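One structure, pasted below without further comment.
Just so it is clear, A, B and C label the chains in written order, and each chain counts residues from 1 on its own.
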Amino acid sequence: MLSAIGKSIAALALACAIIAAVVLALGASPVGVFAALWEGAFGSWYAAADTIVKATPLIFTGLAVSVAFSGSLWNIGADGQLIAGAIAAGAIGPYLGGWPRPAAIILTLCAGAIGGAIWGGICGWLRARRDTNEVISTIMMNFVAAQVLSWVVHGPLIEASGAYPQSMAIAPSARMYMPLEPTRLNPAIVLAIVLAAGCYLLLFHSRAGFELRAMGRNRRAAAFYAIPIARLTIAALALSGALAGIGGAVQVSAITHRLYEKFSPGWGFEAIAVALVARLNPFGIIAAAIFFGALDNGSQAMQRTQGVSPVLVQVIQGLVIMILLAFDTPAWTRIRGGLFARSRDSAPPIEPGAQADA
Amino acid sequence: MLSARNISMRFGRTLALDRVDFEAAPGQIHALVGENGAGKTTLMNIIAGRLRPDLGGVWLDGAALRRGSAARALRAGIAAVNQSPMLFERFTWEENLALGGFGIAGFDLAAVAARSRALADKLGFTLPAAGGTIEQRSIAERVRLEVLRALSFDPRVLILDEPTGVLAPAELAPFLELLSRLRAEGRVIVLITHKLAEAVAVADRITVLRQGRVVAHTTAAETSESALARLMIGEIDIPRSPSAPAAHAGETALSVEDLALDRDRARVLDSVRFDVRAGEIAGVAGVDGNGQAELVEVIAGARRARRGRVSASSATAIAVIPENRDLDGLILDMPIWENLLLAPALRDRFAPHGWLRRRAALELCRTLLARFRIRAAGPEAPAAALSGGNRQRLEVARAIAAEPRVIVAHNICRGLDLAGAADVHRALVEFAATGGAVLLISSDLDELFALCGRIFVMSRGRVRETEPADREPARLGMLMAGNWQ
Amino acid sequence: MLDAFLNSAIAMATPILLAALGELIVEQSGVINIGIEGAMLCGAFFALVGAYFTGSTIAGIAAGIAAGVAINAILAFLVVNLSVSQVVAGTALDILAAGITGVLYRRLFGITGMAFMVKPMARLAFGPLTRIPILGAVVFHHNAFVYLAFATVPVIGFVLWRTRYGLTLRAAGERPEAADALGLGVYRLRWHALLASGVLTGLAGAYLTLAYANTFVENISGGRGFVALAVVILGRWNPWGIAAASVLFGAAMALQFGLQALGTAVPYQLFLALPYALTLVVLAGFGGQAASPSALGEPYRRP
């Protein structure tokens, strides 16, 4: 386990080293950039609180991606599933005025879960029953979701004056509690952590979780031993979508209170970096999400004070994923062995013969 | 003159070859014999340039060959035929041969076909009609095509890895005759086999490998099958497989009725009907590729038959041990104890309501590791850390721990040394003695004769029960070839 | 009206077609390149940078091609030499490309991204032929990119199915172990495929900035790379099928403008979503992957 964490930390460190070089090439100061990032992310209580707020959607989408990836289901559509959940929340939110607040919030979040579950479940069904590559289908559903969002904010759900392309505000009873004003820190982070714990228990302490992981590691063997591949595929992608959908509903309920175009700044893709850094472990997702949330938060300050575009964090995300992939290969183990080995004969043969001819 | 010197090769922690020297002269058939896992295929792959050895090199007529380059080896004149044919399934046979020695310049498929037919005629093969992909060809045809492709390179050295394993007994003689003809042309023929009778009958020189080391170079005249056997397994006592129990008339534990399965317009299973009774070890003899794998998949529930039924007292009454242990039987990335959970019965036992009882499962794992003498670091170690023999023991342990009524085992001793095989056989006999039923699907006649009461024979998707009178190798061989008079 | 629509359909099909042909080569060799979107985006950006700062369209095209090749080279190293997960590596490159182009764009052109434009590419002159009704607009009224793209279709078909090189490339995608055992060199072939695809994808990106929009906006590729992936499947891994599927998508994209102009009651988002939804429907109907190369997407390591 320790070496798994070590790999993630080493990857992040290497990515930062490369970023420093890139920043230098751009004519900015690496020290300045990292200082600005830190300052923007943790420099004050408000900043730290906002880092958590920015990390929250990453926890939801990160969990979504992890659950799917654990079954070797490549869900690149967490963005679309998040948007579907947000749309569902934004659609019923305005009409929950008469409900008691806890119930309204729960309903809103449930709507988000259902919306996301449908969005993910469709791709699961396509894979299970029609052998449609889920990478393609989830990506396509991202685009469809973006268009549906565009339509509802210009059309059916448009706010009262009709002047701005955004949806009606959700009723005050559907809005998340904000106990720590003026920060935006809210109980959704607690929900996220609870869901992470739930995902952990599901993946590692339940029968369905075992079957999902088995299917992810070796589909043939899973089929051989009566693991219900089709049902698991649909359920896993639906659950994955539901998690992302709750994330979307949380954004609507707690932060934006309404819908507008370009609702997700790419959380679904960023979630892939989060999931890999966390090695698909739900508790690791929390830490990784906070890290990337800090980067997102700090990037605004970085832009203001250093003049570097905030999308630099996307370069970091891409680099981190590639470095982690490289670290995981036997090729890297060989290179590392070559760099650090003393003598070729240091490892004695343990079992001559045996499995070579398998 | 082909010579390989000081070849060493390690895979992970396993030393597959240890300072092996091997020489073969033109105009000779040189047999390379050894148990499964002795390193024969690895040596072949190194000589053919497909694998790069850690130490040592290969020379042909004094010229050193670039290690790890299959292209150079082919150009130098070394061609190899694999144990299971490595053809391109979705291409036509002409395209497959075009990637061999005939298609070197340009892309004229008709010319390739013409030259192929000419060569095939010379060798006494028939080639399939034009077009049609390899997927539809039978396994014997594939072997012939792969041999043809190897010969299209006009190789000075031809290496064949267990070529007779998939041939029916009737096709053996013509094949060995073909080898003699090739030898007469002055080529170097290397025949890799674990069948000692074959080696003694055909080879001029014989090299014996045991656990990665050369233990003997000899000639057919100077040795005998039993001497070779002793060299192959060392000076330990050959463990005797327990003798077959008397056939019980116990109740039916597994019944297969009228199974039919088609694939690509070929009948893979054809009205298969048989049953297995409690307390007996029933065998299904057959050459690989006649529907055995599909039969196992249908019984396991991994594939649905077009027609027919598999019945047992309950779904979890059947425990299946598939042939392809690393691909189908185990999940190598997962820890050993989680591999146990692959068995549906064990999953039911340790996760009846969805919640995994980890501690209990780990406990069972420890017990099984001890009882079946599986060498492992612990229940949490990944299955990949186990050697081949220990993986097989794990699968047997899992099957028995699931407390089934019937165990279905496919080529269960492939890749095991004699001691390991004896262990497995003993476990199966014990299982039968306590009232379990065993269905042993195998191409190894020795195993079947040693263990089984009733023996069925399977050929081209059809299964037929044999008489006691059929219980001798030549007769059974004919039945396996499909001669069902 | 119809003329303009058909012309627009072909024009919008062009970058998709170029990228899809590149992807076809790559998939025939056994690799699935999710990073195609990132390569197209980089091709678009660097083509514009090249053309803007040198004043020469040719230099821009060359820069775009170089960028596409560079991105694909990174992917090639990861998925061929290191045999990592092709899907995840491709996604990483998409994110990376969005980041790189975004950062450089703002660095070079400031925060407001004041429109820096290049002069539009001229359409080739065919004189009186362009005035033929319908056919004139479809065939004779395009810039050089379009003709290049469609001309590439039979060329790719020929190379892949009528040459020995193409056969070896397809062998690498069919069964890489067997191909290596025959000394064909799977790693080398997959590198070739990815580099060749980099050229085509870079060209597709260059089209977007040099011939279509004449400027750059962030994420100008707008998912066309992903659409190219779908087009390869829809076209059943056949160059002519891919050409047809590309035109289908081009038409769907062209529809949105026509309909906005008409001001119908139907929301224009429906037509923007149509290509993507259509892909799903067709994929569901045709049952996906049966015609794909057997080893597609599986990481392969030389023994």
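In the analysis below, a residue touches a chain if its C-beta (ideal position, glycine included) is under 8 Å from a C-beta of that chain, and two chains touch if they have at least 3 such contacts.
Note that the coordinates shown come from a computational prediction; the quantities given were computed from them, not determined experimentally.
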Identity of the chain that, by mean CA position, is farthest from chain C: B
Of B-C and A-C, pair with higher C-beta contact tally: A-C
Where chain B and chain C are represented by their mean Cα positions, the distance between them in whole Å: 45
Mean-CA-position distance for chain C and chain A (Å): 28
Where chain A touches two or more other chains, by residue: none
List of chain B residues in touch with chain C within their complex: 45, 48-51, 69-75, 80, 82, 86-91, 95, 98-100, 103, 105-107
Chain B partner contacts - residues on chain C that touch it in the complex: 162-164, 167-168, 170-171, 174-175, 177-185, 294, 303
Sites on chain A touched by chain B in the complex: 204-211, 213-214, 217-218, 220-227, 344, 347, 349-358
Of chain C, residues touching chain A in the complex: 32, 34, 74, 78, 81-85, 87-89, 91-100, 102-107, 218, 223, 226, 229-230, 233, 267, 269-270, 272-273, 276-277, 279-280, 283-284, 287-290, 301
Residue ranges of chain B touching chain A (in the complex, touch as defined): 9-11, 13-18, 36-42, 54, 210-213, 297, 300-302, 315, 320, 322, 325-334, 338, 341-344, 347, 351, 354-356, 358, 387-389, 391, 415, 417
